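Notes for the one structure printed next.
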Amino acid sequence: MLRYIIRRILGVPFLLFGVASVAFLLSQSTKGDPLSALVPERMMNNPEIVSAVKAQWGLDQPLPVRYVIYMKNLVQGDMGTSFNTRRPVARDIADRLPATLELVTAAMIIGTTFGMGIGLLSARFRYSLFDNAARGFALLGSSLPIFWSGLIMLYIFSVQLKWTPGTGRLDARSTPPEHITGFYSIDSLLAGDWALLGQTLSHLALPAFVLGWSVVGIVARLVRSSLLEALSQDYVRTARAKGAPERVVLINHALRNALIPVLTVLGFTFAYLITGAVLTEAIFSWPGIGSYAVAAARSLDYPAIGGVTIVGATAFLLANLATDIAYAWANPRIKVSG
Amino acid sequence: MSLHNLTPPVLDVRNLSKVFPIGSNLLGTKPAQMLQAVSDVSFRVAQGETFGLVGESGCGKSTLGRCILRLIDPTQGEVLLAGTDITHLNAAEMRPLRQDLQIVFQDPMSSLHPGMTIRRILAEGLRLLKLDAQTEAARIAELISLVQLPADVADRYPHELSGGQRQRIGIARAISVNPKVIVLDEPVSALDVSIQAGLLNLLRSLQERLNIAYVFIAHDLSVVRYVSDRIGVMYLGRIVETGRASDLFDNPRHPYTQALLSAIPLADPRAERKRARTVLEGDLPSPLNPPSGCSFRTRCPRARPLCAAERPLLEDTAHAVACHFPDPAGTEATARATPSTLQTGEGA
Amino acid sequence: MRNISLSKNRRRARRTGLLLGTVGTLAFGSALAAQETLVVGRSMDVNSLDPSRAFCDTCQVYLTAVYEPLLTLGEDNKTLVPKLATTWENNDTFTEFTFNLNPDAVFSDGSPVEASDVVWTFERLRNLKGSPSFLMDGTQSIEAVDTHTVKIIVEAPNSEFLNKVSAPYTGIMNAEAAMAGGALADESAATADGAEGWFLENSVGSGPFVLTNYAPEDELRLTANSAYYGTAPGFGEVVITQIQDSVSQAQALETGSIDIAMQIDADTAKNMNNPDVVTEIVPSFNFVYFAFMPGSEAMKGKLTPPVREALTYAVDYDGMIEFTVGGNGNKIAAPIPNGFPGTANLMPRSQDVEKAKSMLADAGLGDGFTMEAVYPNDNVYGVDLNIMMQKLQQDFAQVGVDVTLKPVTYPVWREDMANGRADLTAVYYAPDYYGSGQYAAYFGMTEGSTWVSRAGYKSPETVVNAKEGEIYAAALAASGDAADAKYEELAKELMADNVIIPLVSPNLVLAHRSDIQGVRYSACCNLPLAEISRK
Amino acid sequence: MASTSPRARMRALSSGRALFGRLPLTGKIGVLILLFWAITVVSVQFWPLVDPLMMAGRRLQPPSGAHWLGTDALGRDVFSRTLHGAAYTIPVAVMVVVFAVVIGSALGAIAGYFGGWFDAVIMRTADVTLSFPPILLAMTVAAALGPGLPNAGLAMIIVWWPIYARLMRAQVLEVRTREHVEAAIAGGAGRGRVLVVHILPLCWTPTLINATMDFGQVALLAASLSFIGLGAVPPSPEWGSMISEGASKFYSWWIAFGPGMAILSVVLATSFLGDGLRDIFDRRGPQ
Amino acid sequence: MTAAPLLEIRDLRAAFRGPSGFVEAVRGVDFTLNAGEVLGIVGESGSGKSVAMMALLQLLPAQARVSGSAKFKGRELIGMPQRQIRHILGREIGCIFQDPLSAFNPVLTIGAQIIEAIRLHDRKISKRAALAQTIDLLASVSIPEPERRAQQYPHEFSGGMRQRAMIAMALANNPSLLIADEPTTALDVTVQAQILDLLRRLAQERDIGMVLITHDLGVVASMARDISVMYSGRVVETGSADSVFYDTCHPYTRGLIAAMPSLESVGTLLTPIDGTPPSIFDRPQGCSFAPRCGYALPACHETDPELRQIGTTRAACLRAEEIAAGTVRPTAPLSESLPV
């Protein structure tokens, strides 16, 4: 397994190369002339301006040359300049990525905690009222279109009940904490600013819950089924034959084994969350790369599209890699063997 | 039954070896380890004869069986079917020859296509013969009665049959094309004792009627003895002892064969109580990292320095053994009652 | 009107102060305000924060707060009032303009605003060939007469030039500071200027605010300019925060997390009944229109002037206002905003389905035909273009014309426009400054204009109206009522073209917390932030 | 052999019914919901509903006897639009799943069975495709091709095929080691026949279960793309774009309610059915 | 021994929920085991031999219905509350299962699992002491390098080694009863010999009573003092090993012995038992062996015979006496076509 992981790690650059190439080709093949995003409307018929802009943005080069330049720049961390924001894409992403990561992490925590709790309890009390209700709740989360559930939640909790603040990461009046990790929650904690921490968390709560809810079902379903599977295994019978009380059987024996397959879906869950984050950010005006991606896709800002795609794919790859490593770590059966 | 030196063998396995690459290195260019599953195995089987291959799990006997059928390509050596070397034939060239060479598998459930009726399963096998529909139907009916099943199983699915019945279908499929040789890979080990006997009897009667040569692979010596004319005992990919069944059982020469025989529990309490028991120490070594010299030396009560240094070769005699210090052939007394050379377990 | 004195301006400011209470309270109020933040919620459409490149509604708000033009538009949305220029003059033929700068004016770094800065700024605007560069079209020379006097000569009479220099895009930059940031003003600017990124982090104006932070599609943060020479703004800090849609803005306003919501649509406004929120609905100078593209491949020979006219009768103008903005808008006749010069006596179009049918029948198109509408997939000024076009689709269907809708992104739309790929389109227009001339330049069917090349594509003769150029030139050479008359003549020609068909001038919802005052809608500058304060 | 085919057909029919009978209650509900939508898709144009594209009453009216789910910003009947919407979302989801399954499974099966460079090329392509978060890839593709439901569908096929390729490949690799496959080879069956007759028929269950569940997810993604303006174009009453319209008329909650519930019902139904199928097939096991 | 037997089972029944109501997998079995003795239970798959043992240890799924009596050292196990039986399981009764790979928790080391077994019943013992005890236990079952082995995971052990570890774990608290459920079925024959040897030795050394469940007549022949043969949920023949093997009077036991190929049986045909064991869902009326029985009379298809003392064994067969006396010969079973 160690060998497998090393090979996976060695494979990452190749995958990234493929990802970057696909991202480049896709973004270059977008319909619509990139010039129209760059040249003012009234100057479109001015050949002097048009050629100047082409030269400035490298659009006068043939595609293969542009590809080589793009890849070269990419290696140096330069993803080009966004048509929309007129800033380096890398910088836009660096500014926005922490917001998305904070949201996704919070959602992941909510999703896995609820998912595991529900899965555990519904396996323990199988076919009970709790089991059915909890699974229903979990299933609802992954079946509701997030862009609708988000709106409903916002309406109920923010507009009607006023339990949570509105959209955004912070009240506009507040200044973000000093940038250390980019996670406002952690940064405000590090700064010891409790009020700001509270505000951060209250802003985070609703989008993270809406997003997290969408994976509760996946996690709960898997925990429940792998726990039930584990409970039917011989080693559980052995544990009972040793005189182990039910709690020990469930936690020490069944859960430890059941969590191994659960680990494998965390990577998948992450993909699910990224998808959800794109929509959640759009609804909650969350300044992350999801809303950035939507804006980029809408306006055919292809340096930005390429950049976001590469970063998203990298994050996704790393998440999968982490999952594999965690899986190997948790499962002694594959730790040693090749 | 001493036909084997007189008539040309219908199956002649010569120096067959199979190496499996395991895993691969970091770049995926070379395998990380080589597993020597079968090493330099030779034996011959005459028409109508049963050659039993016996050994414990992991000794390579099933791999050997699959190599003979070219379900796996052997790494080295040759398999001659009625004089034709089939080791180097391609799939298309092999196809007509498959009619002569059939196999019965251990697990009667997984060896039958679960989505096909028995009729279709048998018809699949009969495709080689290219029969017309009517002949085919008649042949299927005949096969079913040959394996002593009621005619109505033809339209059932495998999961609707019992284990013994399924294995009979496996046998019917194998004999359907009138093969010269059938490899039986643990054909009864998944079945209960009461069912096993019926199948063993069936196999014997079919052999008598159809004059088929069997290569009978099993881990159960009693079963192998029951059906085999000659037997090869395998240990870690090699045949360590081979000979006529009676010779081998009455006068085992290799310490491993002796230990195997001694380990079989007898369904006879009085005999059991009297029995001197040889209990081997330790476990089977990993085939990935076999011991030097004689592969049995790590568990052998007779092992001496020579055994580690040099691999004993299999003798070229009727009752051959690959051991530096074998018991002599034909001296029953030494084989059965030399507790001094073996570690003896306490009798009950 | 042209010679408003400085003292008059000061008096006005004082009057405002008195209105608020005593001068003392004002001082106290601003001391408090210095720590206070005004939060404005809007969907930001910033394309640039470089005054010579920026071209957007948010840009107008930003530039107005951070940079000061020579003149600005008064609260009546008609009168030009002094800003950096305390007085100004022009010759009778409207070809020479002289501006006298306020000697007290300083940039945010404390350096004085001088004539050279004005010259540099205007030359850069002209040479950069950015979106707002058209404001400098036709300038022959821009020169500093002395430290505080600038003289500009234009090639042809232009009675609107003064209005142009009231546009926020003409805000004066601190030339030295901008050059340090990489800005160029000379001929090479169009290709060599590299300051666009720098302007996203720095501001070099003399306005009441300075830029402190800009995070694209997130927030735009301004703080009061400590070196400001004029009246301190009502708030020490202003944040424009990104809130995408009308409903979210309304919600943020209701919860108090923002003070002003700029893009609440009328339907949403109706549903807000929070005592802490004030909504005021005012007519705007924005309008949404659809346009025929007779030059497109599919429409060749089909969209003749009578057919276009016929189709204008098919449109349910009243219904359009009802469906797009819930009745909160006004009909508009010509593509010139109601209230701009020349629009006073115009009669908006009205529906007449029977007439449309008979005219189409006369043109041999009684059985109808099919058109493809390509338009930006957007929601502007409370008008969802998708809804508007669906309504248009329904209206045209009544006369047998089948419209296929193809909402696209802006770049695709512009590309399709430039290549004659649409038969029909829909967009919007908001004024860049107060004056009807911009509409003549943009919508006029004069050879080589934007809309001639779009609507006419490769056969401009289908749309060109030579009279319009002449009328426009005459209008620029005139002033006052004479100019108004010319613009009216022009407007009628534009209507007769039946190429640009304005549908709705949506009302604007000014929505803010009830403790906020000074919120107004400006024809040049959108929302003047400096005038806003807390009660 | 001829005698078996009508019998087999009978068996298939009765097994379809038997399958339904073995589904848990939720699975049966799922089937009924999907059946309802399937019927809706093919027959909705004959139903006595008001035209979903034309205004039917005053705009933004809350639900009433005349308009069960109210009217939207153009005065169109939301109930009628929701039902008609099925004819947009569901066929797209069906097409995407069918194409992804067919393309992915075919490539995966060939890759798994024959191995070699073809396997390497297919699986590396799949790896790269799977490295993209699905929505980002779909968005990029949809942006490249331009909006419209067919393009969104194409984008989703590109996103989805590798999942089935992997699934089928793994399954083929597993099944090809089974003894009945060896028996077929021993019986002289050629490679193609082994793959098609002896391997593939045993590989479809995980694909079927996955496809069932994915059907709902595809419908969701299609709606998501429409929601962000890269899917269906107006005036088509696609559910995602209807919710998008509803989002901008938030206080008129009923505009989004119909399509929201419709998507929910489809996704729930496919989850129910997928879970039910998994229960049946996974528990049966080998014996 | 005059004291109460170690384990006394009377009329034990275990039923599972089937598609149509409960079906009995164990249909009233009686066993008696004295301390220090080995009872062999022989039967083919589905005969209910394992279910019977799991039933009395309350290790069957919760839905299973168990009735009858099972007295362990005079204490009734059937119906004993979970809380109490927990103190008996693993402390006074040890269990060994068929497949030692699946019977060990794959994610815990062997040492941890044995330590758990010790500490579950001795709360006071320190971890260190429990580890020392574990190492001693592993050494006592002849596992080389017990210190290192204790740190390893089950998959790192060979099959024989795992079963030794399983035995060590079962013996951790010095139980007086060991239940070994097919302890050697998954093992190779040479390893089987090792394990049987070990069990034999340990049982003797520690004076443990053992129930040995197996399908292999050879295994019980060498190990058990008493043997019970089970068929279709019932005991059909029981007695001392010798009497069951040599004075066999139930046709099923006879059939089993005759069907077993032995090293001596060369040249003679094996005698199979026709047909297949009945499914628990579909038991024939009367004696459930009757359809496969060569001795069956019409009466056999009507009444299910009780166990009776026939000579030295007890058998449940109407014709046991005749069969024991050898006065009847088997005929073909009554059912013409095989049940499918």
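Here the chain labels run A, B, C, D and E in written order, and each chain numbers its own residues starting at 1.
FYI, a contact is a pair of C-beta atoms (placed from the backbone, for glycine too) under 8 Å apart; a residue touches a chain by one contact, two chains touch by 3 or more.
The chain list, named the UniProt way, goes like this: A, D = Peptide/nickel transport system permease protein; B, E = Peptide/nickel transport system ATP-binding protein; C = Peptide/nickel transport system substrate-binding protein.
Since the structure is predicted, the reported quantities are computational estimates derived from the model, not experimental observations.
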| item | value |
| --- | --- |
| Steps needed, at minimum, to go from chain C to chain E via contacts | 2 |
| Farthest chain relative to chain B (centres taken as mean CA coordinates) | C |
| Between A-E and A-D, the pair with more C-beta contacts | A-D |
| Inter-centroid spacing, chain E versus chain A (mean Cα positions, whole Å) | 54 |
| Whole-Å gap between the CA centroids of chain B and chain D | 49 |
| Centroid distance [mean C-alpha coordinates] between chain C and chain A, Å | 39 |
| Multi-partner residues of chain A (at least 2 other chains) | 31, 282-283, 298, 300 |
| Residue list for chain E, restricted to those that touch at least two other chains | none |
| Chain B residues counted as touching two or more neighbouring chains | none |
| Chain D - residues contacting chain C, complex | 53-55, 59-60, 73-75, 143, 146-147, 229, 233-235, 245, 247-252 |
| Contact footprint of chain C on chain A as seen in their complex | 31-34, 36-37, 40-46, 48-49, 52, 55-56, 81-82, 84-88, 92, 95-96, 154, 158-159, 162, 165-168, 171-173, 282-283, 285, 287, 291-292, 295, 298-300 |
| Touch list for chain C against partner chain D, complex | 245-247, 250-251, 265, 267-268, 271, 322-323, 326, 377, 379, 384, 386-387, 389-391, 393-394, 405-409, 412 |
| Chain A-facing residues of chain E, complex | 54, 57, 59, 82, 85-91, 94-95, 97, 99, 102-109, 116-117, 120-121, 153, 155-156, 166, 169 |
| In the complex with chain E, residue positions of chain B that touch it | 56-57, 149-150, 152-153, 156, 160-165, 192-201, 204, 219-223, 225-226, 245-246, 249, 259-270, 272-273, 277, 279-280, 283-284, 345-346, 348 |
